[in-house]
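Chains here go by letter, A, B, C and D, matching the order in which they are written, and residues are numbered from 1 within each.
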Amino acid sequence: MAVIRVAINGYGTIGKRVADAVAAQDDMEIVGVTKTSPSFGCDLAVRKGYPLYCTFDDSAKISAFAAEGYSCTGGLSDLLSACDIIIDCSPGKVGADNLAKYEAAGVKSIFQGGEKHSLTGLSYTSSANHQQNLGADCTRVVSCNTTGLSRTLMPLHNHCSEIGGISVNCVMIRRAADPGDSSKGPINAIKPVLKVPSHHGPDVMTVQPDIRINSLAVAVPTTIMHVHAMTVELPEGHGLTQDSILQMWHDSPRIIIMNGAKTRITTTAEVMELARDIGRTWGDLHEIFVWEDGVSLNENTLYYFQAIHQESDVIPENVDAIRALMNTEVEWEISVAKTDAAIAKFNNI
Amino acid sequence: MAVIRVAINGYGTIGKRVADAVAAQDDMEIVGVTKTSPSFGCDLAVRKGYPLYCTFDDSAKISAFAAEGYSCTGGLSDLLSACDIIIDCSPGKVGADNLAKYEAAGVKSIFQGGEKHSLTGLSYTSSANHQQNLGADCTRVVSCNTTGLSRTLMPLHNHCSEIGGISVNCVMIRRAADPGDSSKGPINAIKPVLKVPSHHGPDVMTVQPDIRINSLAVAVPTTIMHVHAMTVELPEGHGLTQDSILQMWHDSPRIIIMNGAKTRITTTAEVMELARDIGRTWGDLHEIFVWEDGVSLNENTLYYFQAIHQESDVIPENVDAIRALMNTEVEWEISVAKTDAAIAKFNNI
Amino acid sequence: MAVIRVAINGYGTIGKRVADAVAAQDDMEIVGVTKTSPSFGCDLAVRKGYPLYCTFDDSAKISAFAAEGYSCTGGLSDLLSACDIIIDCSPGKVGADNLAKYEAAGVKSIFQGGEKHSLTGLSYTSSANHQQNLGADCTRVVSCNTTGLSRTLMPLHNHCSEIGGISVNCVMIRRAADPGDSSKGPINAIKPVLKVPSHHGPDVMTVQPDIRINSLAVAVPTTIMHVHAMTVELPEGHGLTQDSILQMWHDSPRIIIMNGAKTRITTTAEVMELARDIGRTWGDLHEIFVWEDGVSLNENTLYYFQAIHQESDVIPENVDAIRALMNTEVEWEISVAKTDAAIAKFNNI
Amino acid sequence: MAVIRVAINGYGTIGKRVADAVAAQDDMEIVGVTKTSPSFGCDLAVRKGYPLYCTFDDSAKISAFAAEGYSCTGGLSDLLSACDIIIDCSPGKVGADNLAKYEAAGVKSIFQGGEKHSLTGLSYTSSANHQQNLGADCTRVVSCNTTGLSRTLMPLHNHCSEIGGISVNCVMIRRAADPGDSSKGPINAIKPVLKVPSHHGPDVMTVQPDIRINSLAVAVPTTIMHVHAMTVELPEGHGLTQDSILQMWHDSPRIIIMNGAKTRITTTAEVMELARDIGRTWGDLHEIFVWEDGVSLNENTLYYFQAIHQESDVIPENVDAIRALMNTEVEWEISVAKTDAAIAKFNNI
């Protein structure tokens, strides 16, 4: 089988991570990444050996790279002619324009959660709707928050869908800025997101419409990980126990369950330290972290806390989405296992 | 009518505020406040003109005050013989011992939310159960969080109690340390409270047992105000609208409702700045702050955000509780109006 | 003697504080304050009883106030015709335009430290150059940092000026945002000010050219108080001791000296709590705070730390500057005593 | 030449990093690491393949490891009999006891900067006094701050030592807690270190007594990197320029110089993001980061800012110190080049 030729449009926070995850797979390769202009981020692409392209087709902008000492292979059109599929990691708001270019070039495309579902009409998370995405021309990998919700909710949904389904209330305590971003505040305040309900919860319904869900969000002065405070109403006759729910999550991919009291991992700080200790590049954590001792089932109401690494949980999902669109792997669990094993090897884990 | 003689046991964060609020009333006076030892906090009591007592009856400890230049009138027993009622603002864990002393002296007492309901068997918030407290010997003013919940939930409960009552889910985003406390962290982390559900929500039931409520809590690196992300299920046939709910809260005491978009008060930082602007001592905000544009009624589900000033919302409740126990004011709304008018005058508002 | 008629152009963070400080004096009164448009801040002016003017002379902008329910007395020109002196508390960058208007109206004016010395050609701090400002038409009260430096350096300078003077190195650890500002970062970073030396230190020379001083600055994620880490080289033969320096500062106005170990006031958080405890409006601290146990004299090198309340230390200086320009008080120490006594009385201290 | 057998006593924040750096070298190997008890940190040692020992010789404590599923090879005595040199990364305060054990076993030892110079009577940084440490039985690698100071000061000292030497004033703006530590504050305060001068600056004299240096320190609410605000007095006739100083640092190992304006690396947040981008394990930065546009030479006074990664800048210095004590590499620059090349290869850089 031919190796899938993958392009990255937008080599930034998400793009640089997706590129490495793709490059670690044996059934795909990176044929190029784009930058809008020569800048410090180009050094990383050069060091990794990814061909550098300009986000635009403008010859002046392309030649600007050489002036700063970077070898630029061409513009976006050139990159599109060299790839089977493009991962759009643009900063957002330019999705519609880009989609038209990808379609004109006959190249499949994957957008990120910053774009709306309406752009693509199809969204993706590995655990919810891989099969629905098979062979599609275009999809959208949902946001870090929606991806995290899907990971722990889908097993519950699958268990309960025949007997009435689940109803979910989620309060998202969001980090206000990424670790490498020193411009954003607040410094000493809590900021409620006054759009109620927030868009994060309902976005789960783009990948599994039968989950009833609402969410509220606040931003707080931290740079590492979102936390979700979850309340899930299970239907009568669910037959689940705290232990069986923990087992269900244990058997699902990309979920880490640890006991806060035993491991002294009691905040997002220690969760991130765990990610550093296990040697992940950038200190990333692709998995969702669930505190075992924060899970509580009270008759039909399930409470739990989960932490989401905002920069990285969607990375392996992009790899799986490539296989879905290219129709090279029908079973989501097989794709996930393949993706994660390749990344682990890359990380010397 | 004789002026009620009030003592404060523990002149710290809460005690110093209660003392001023009591002193502002024309039907009560401060007869003394206690400190465990001569320290910087004594200066404030001296400046305010409150007689200073030692928390203990130990003569060596009492005379230690004079050695540091403070006039100490006596020990706790002396203070108990000079008052009608004592407000216990001790740091907690010593409540049971103190209660025995108060009872032995035949003095009524009011504890704070750091103590458990089981200590007193009776709890208090102005809006929920003033009448139940009339003439009691001892009560407990519930915590800042429970007081805040009671303020906005009681009007909803009163409206809905005949038709099935309300069910509440609250996620508390808590400031991790008070503004004057530099020892506590975290600095860059979110800390879920792994006891699930947290104690805060169910504590509402100590003042109104018919409200069904659960809560989850996280601590975040700020020093000012808790935020509650509220989800309230209203019973069928509630007949309420967003506007009627806002009106209901507008007509209830100690709730401020403002529009975040119009006033640019979008985080707890700007709420606290409002409190400074309106001239409150210590920058306190006795009222609960509700964002008008964060209120959303979706059929039977009501969402809203409220902010709680952790150091001060219980202060006027302590004044009302004095009138309840002394049986000098039967109607809670009259006591509240009296309390607040006196404090406002004191603050030159 | 006639009461000095004072106007405030720009009723914001500084303007609202200066207004109250002026209003507390018996030799001056507030005749009006300006806002650019009807907004939440107008409420405060109304509550305080200050006549409200529009920053502009545009009749449409003036009548916009009435539409929002505020009584607006007129435009800037109207205000200029009603005052003897105007305190410009505009957000900066409009100083030159404003100065032309003030001069055209024949009104004396005082600018703030956000403007450059070159605008006015004359700067002011009470302790450095009150007499130099007597009768001037226009001056600039230096910034909070420069004011703070002047307070502790001037007594040292006065002592040493005949024997060679002092050389100062100051590193400013700056709060990155004001407490009511939730938009600015950083959240978890230290930001060096890469303009070296920073402008803060040399600005001292605008009020006392004989002090040799340089400064470096960093911004850190806090909202309360700047801290200055000071190193002062004293000339040979200075004859000072740690104790005599502390006594010198003790005898100087607007300096608070406290021992961190004894009072447990070990960070800016506890300093601000002190300001709240002593009942200052807005929790302000007009004084510079020096840690007694952080003062160390090592032969000719003096080390000390001081904390500066960025929102308020310049407030009483503006009052003194009014007296200087109006030539109503020749001695700076008499003006300072008068200013501070009136503010203290206003604050019920 | 035989491979040097290295043991790590205390496999924590520093210990785990030193172990990896040692293991990356071809002239040394890790023969064992110690933990006080079976805990989550043991997993990391197991995953890395480092033999696990108990910090104590107590057989009950040793067998406790097996009960938790970890294979423990023995106690400290066993480890001492298997190694040529031991790196003490204990939490401090137990240094004196440990040293006696190491000496009794005839094993060379290296302590960390948490211990005092008086314990060993000899300290170490690669750039200052490698040769002085050749063949010694015991030394102390100085703290992260002292190591960072030595890196940029030694080239200046070497240039100026014949013509009068340099005088240094350093203000350290310190991160208050490590990233994985959620217990420490402050949250919203600046904390001056009231011991003046702080111990950090003078500690440089333990490796180069001819540098005159004093320092002041403050702690601020961040978790990543210390920043040093430096003022260096150069002797008359130094002949240096800003450019020649930058070149001098450029030619010295373990210093990164970048322009903040050009690279948008303007705070410690972006510096740490750089470390993540270049693929360092744990996101570490062994190098000192100097902002090119923060360097300013004003006649004989040099100003600059440098950032120090508190968890990792001493790691390669420990490797070099091993070679010094084992007397296997006489030239510090050759050891440094060897150490860094091996670490870079390990990191796939």
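To be clear about the criterion, a contact is a pair of C-beta atoms (placed from the backbone, for glycine too) under 8 Å apart; a residue touches a chain by one contact, two chains touch by 3 or more.
It should be emphasised that the depicted structure is a prediction, and the values quoted were computed from it without experimental measurement.
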Between A-C and B-C, the pair joined by more C-beta contacts: B-C
Chain centre separation (chain A, chain B; CA means) in Å: 43
Rounded Å distance, chain A centre to chain C centre (Cα mean): 49
Chain B-chain C separation of Cα centroids, rounded to whole Å: 36
Sites on chain C at which at least two other chains make contact: 179, 181-182, 186-189, 191, 221-223, 266-267, 269-270
Chain-level touch network, classified as line, ring, star, complete or other: complete
Of chain B, residues touching chain D in the complex: 176-177, 179, 181-189, 191, 221-223
Chain B residues touching chain C - in the complex, by the definition given at the top: 16, 40, 44, 47, 179-182, 187-188, 223, 263-267, 269-270, 272-273, 276-279, 281-283, 349
Interfacial residue positions of chain B with respect to chain A in the complex: 169, 171, 173, 175, 186, 188-192, 194, 196-197, 214, 216, 218, 220-225, 227, 229, 231, 260-261, 266-270, 291, 293-296, 298, 301, 303-305, 307
